[in-house]
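Can you read through this structure? Questions will come right after.
Here the chain labels run A, B, C, D and E in written order, and each chain numbers its own residues starting at 1.
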């Protein structure tokens, strides 16, 4: 059990400095991101936004400790990230992140068990509470292969959130969820954040979601990903959906991403 | 492919309904004909296959009419019954099984250690692939001198030879299974802070279980083969030898039905282990988990 | 002196004296008379090569097998372990059988025939047959039939010969396969080893390392006494000895056949080697032995030197 | 190549009559849908909408011929669906639907090759055209494991669309795509439909997408899925996003799905 | 785990940038120390392992000082050289390889047929699992009578026995690989209208390739073992003795260095096949496709 080191709130929890990520295979070299820098402070809900293939997942993997930058450095609390650890929980984009040999209940309980982050006696209560939140209590003893795509993602979300990690890395966690479930999950994430003020690094494709979830938004350019902008979105939530600031920020991001005026999009249809 | 543009779909009214509150719907069963029922029964199909094989044996042997080369199934069964009740077949089989299980267990454990090393370190990886490529093709006789030097004449030597036959097959399959574990699953395990042995047993082993089980099956079969062959070479010490020696003795005595009774014992044990141990294992693990159909 | 020894044999009737010794604990008794507490374990192995390995690795102290493996071992270990024969076990003939009416002598085997024998070139059957071939085809032509010889274990060879399977037309056999085969219609004898070797010849021998013999003189003496006693027992009470054979081995061979073989005048148990020099000389001539023994006493310990042998 | 049977436009292409779908395993019985009926006519863009786990994917699989109803019947052109066939191409929800041993190019070309639906000479051109449309021309000879999640889904979409099947089954095809790419893909789907008037059965979580893509919308109740409503959405497209009909339909569906007034949703946050 | 609520993150300015047009970025190379370079070189690691093993052999044999049981590596190498240049080792090895490859090819083909049957029909599935459970543990001697009856003496019989040793291992692994193919991949293949043989070779075989390759490796190794053993047991005639016979002959003649030279040949061929055939196969298939790391 790592006791968290004393933190100076003026220092970033996670900082990327000129991070370039590359995948090398025998036949091909793919640069995922190029010289990306950003700083995530404690309590930030930091959103990565960018077109498909721009390296968002790669950045998240790098922060989780799975991918070493070929250039630059990525640091957690001032120390270079060398390997993954239970202080950073990750929700992956893929559906096969659950352990097929464990039931839904066990999948959620397992990380808590192996890390010993919570006393044994608390685990059962926590698991049941989170299964309830994701609406899968009835499926507690079912194995993942019997779940639908969205149900799998919800279990993965519960697994990560139940751990209450210092840093939560989420890669499009809500993409497979229907509108209602998505809302509920977003609200749940925000409520949990209010309670424990962990740090979130969140990847999404939805600009609306970015604004609701995020306090800071990093907009990336298309492949290979470079920083396009970093925006402030603090103070926006569900109830700001109609407000001018929300709309203004939304259209600003759309312009950035689409690289033309958002209204002209309808032309794509014609 | 010519597309004639379809006419617009007909206009239809919209409608809304109130879904029924169906809390739990039981199984909806379709009637099956007795034929479907039978062909869907695995045990039944298996018995049919066994009966067909038995009939083929009996007919071929009757047609061949050469008891020395291939006795009839009926003769073999009589011999089997005789060897079981009046003879020592049971005792010898038990002795063999004991040696077999010992060797198998050690072999599997050794494979586990080797593969664990190779899963965690680069040099372990190279070691495994090099050792396997080198030693796996070596016949048991190559090990005889070493076995004799290290363990002398007797059961430990047979165990050693069996370990050799189990180890590489199990290690190879397990290793290949580990290598095929999906990157996402690995990463998931690592975010829980699993490392070393806990990572191997918590993630890699269950994720690679289908490959491991088929390695175990192959290892088991080859342990048998090796045992039978090794018992010929190592023979019987003061006490009676095992099943292999039983087969060899009867072969030399030209008691072919008893030879086949011994082989039939091997076959029957093989079937029993497959359906009791391996199938059960599969049903309660990989099939239940949806990792194999 | 050692208090526990292991004896390894193969299976078959030639080892009857050792089986009687095992059954009656003759060696233990003889050792006791010399004031030694001895535990003997008898193991039966399935082949000659592992037997040699067992002896060389000190897994067993005394081994018994055919003359040929003993000679090879003597040849190869003369500079280190000094393996030599302790005594002979038996003299019995080996028959060359055929299932072809037209074959009357060794010379009649043609290129389309196949002679089965255990381990071409190296088994005692192969060596004796080669001696016979040389006698039939002339000096230096001992390899004339090599091309039609095939390795096959006795049971398969027997089955193949008697049921005319696999193209086998000849079979250099030994007891009890040859006696059983001769009872099958259509099988007849072409030659036998006594004919080729010029008289009754030793088939199996007992051998050990020089160290063992040197360091355990009392045990070795006791062994010789025990073996002599066993031979005497067999000669005086054949039926009783056969009972012991069945009790120890659990062999299922028809008792009438076993009795018939052992009662035949050609089948003799004796601790003194017979006609072994002919084999040794022949093996030297084909290069199987690197050194030429000047007499049979070179490859037997003094345990049997005092008496007549050859 | 099956020549399409002569169709009476008044008869449905695909009809589900009281379809109940169940998954049976040793330990558990899950009813995915219960007595679902609907009719899809030629040229329909039929959308299945419903909460996560309500059986949308299961219905699609049943239409594709992978899942036999335990009750009721599902028919294609009047004949019971017995097995899958190349007249119905499916885009699955999972990311592992591409063949890992084929390059992106080969993945798109393969179904065309094996079905012989197009003359050999046309295939190359079609593949290149579709790779262009999904913006992955540069990745033509890359293997799927080197793609991001969204890129994989795009290849799967191209693979299905390039086949120009009579019936196209799409299971949340655009869920992993960013806003811009999603728009482009939606537009592409509509354009293709204008050209060839195939029949689409489309699963989505987004109400907005349902309205833009669909001509008919089938709303399903939560698990086990039953029909909640079938709505007409013809005539709505990108440009109708602001119109009253669009907004009205949207809020009607939200009410149905969320089972309360849509405005109260913000409360979930409080 | 106590959470002290962190202070709010510091306010920071927003910013926008114009990304550079970087069309192609070459490889960004970090400097590696020569140690890293060496340890990252697979060939180098392999050579180190081989050298260590060779040294261990030489030292152990020297210490043991029992040339008849275990000759030194140096003696063995001399014998190997002698057998290659003056003797018949090369010719015999080639003969063995020929038999081996024949048996292996037939075995793999037979496994393919059996597994194809089992992938497409339920009865084929039962047949495969039953046959494998029954016959896989049977030692080669059990097949001798049948081999003799069906093929007579000589090479065909050995080939038959090799087929037996390859068939079940490859079939078991391939079958298990097929069973583990993900449902989505299966469904994808079926929507293309693939069925029967095209489905098997178009979808199942590539998707199960990691398991198939390790089956092939095990099968190859067991083919060797069986070949060496089978040449001793039967069918060797002076014209046609292979490597197994070479080893046996020298063993009986107590020419132990030559025995080890024969075994070393087996080891070297094993290494060569592993690195030339199987590794190449893996690199160009499963690794390239990202199905194995």
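Here is the rule we go by: a residue touches a chain if its C-beta (ideal position, glycine included) is under 8 Å from a C-beta of that chain, and two chains touch if they have at least 3 such contacts.
Going by UniProt, the chains are A, D = NitT/TauT family transport system ATP-binding protein; B, E = NitT/TauT family transport system permease protein.
From a predicted model like this one, the values you see are computed outputs, not experimental measurements.
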item: Fewest hops from chain A to chain E - one hop per pair of touching chains; value: 1
item: Gap in Å, rounded to a whole number, between the CA centres of chain E and chain C; value: 42
item: Length of the line joining the C-alpha centres of chain B and chain E, rounded to whole Å; value: 19
item: Separation of chain A from chain D, taking each centre as the mean of its C-alpha atoms, in whole Å; value: 27
item: Whole-Å gap separating chain A and chain C, where each centre is the average of the chain's CA atoms; value: 82
item: Of all residues in chain A, the ones touching two or more other chains; value: 25, 94, 96, 146
item: Chain B: positions in contact with at least two other chains; value: 66, 69, 145, 148-149, 251, 256, 288, 291
item: Residues of chain C whose C-beta touches two or more other chains; value: 53, 57, 153, 159, 165
item: Contacting chain pairs - touch in the sense defined above; value: A-B, A-D, A-E, B-C, B-D, B-E, C-E, D-E
item: Residues of chain B that touch chain D when the two form their complex; value: 1, 3, 5-12, 14-17, 19-20, 22, 25-30, 283, 287-288
item: In the complex, chain A residues that touch chain D; value: 23, 25, 28, 30, 49-53, 55, 57-58, 93-96, 142, 146-151, 154, 172, 175-184, 187, 190-191, 205-207, 237-239, 241, 254, 257-258, 265-266, 268-269
item: Residues on chain E engaged by chain D in the complex (per definition of touch); value: 182, 184-185, 187-194, 198, 202-203, 206-207, 209, 285, 288-291
item: Touch list for chain C against partner chain E, complex; value: 48-49, 52-53, 56-57, 69, 72-73, 75-77, 80-81, 114, 119-122, 146-153, 156, 159-160, 165-168, 288
item: Residues on chain C engaged by chain B in the complex (per definition of touch); value: 6, 8, 11-12, 41-47, 50, 53-54, 57-60, 153-155, 158-159, 162-163, 165, 177, 180, 249-253
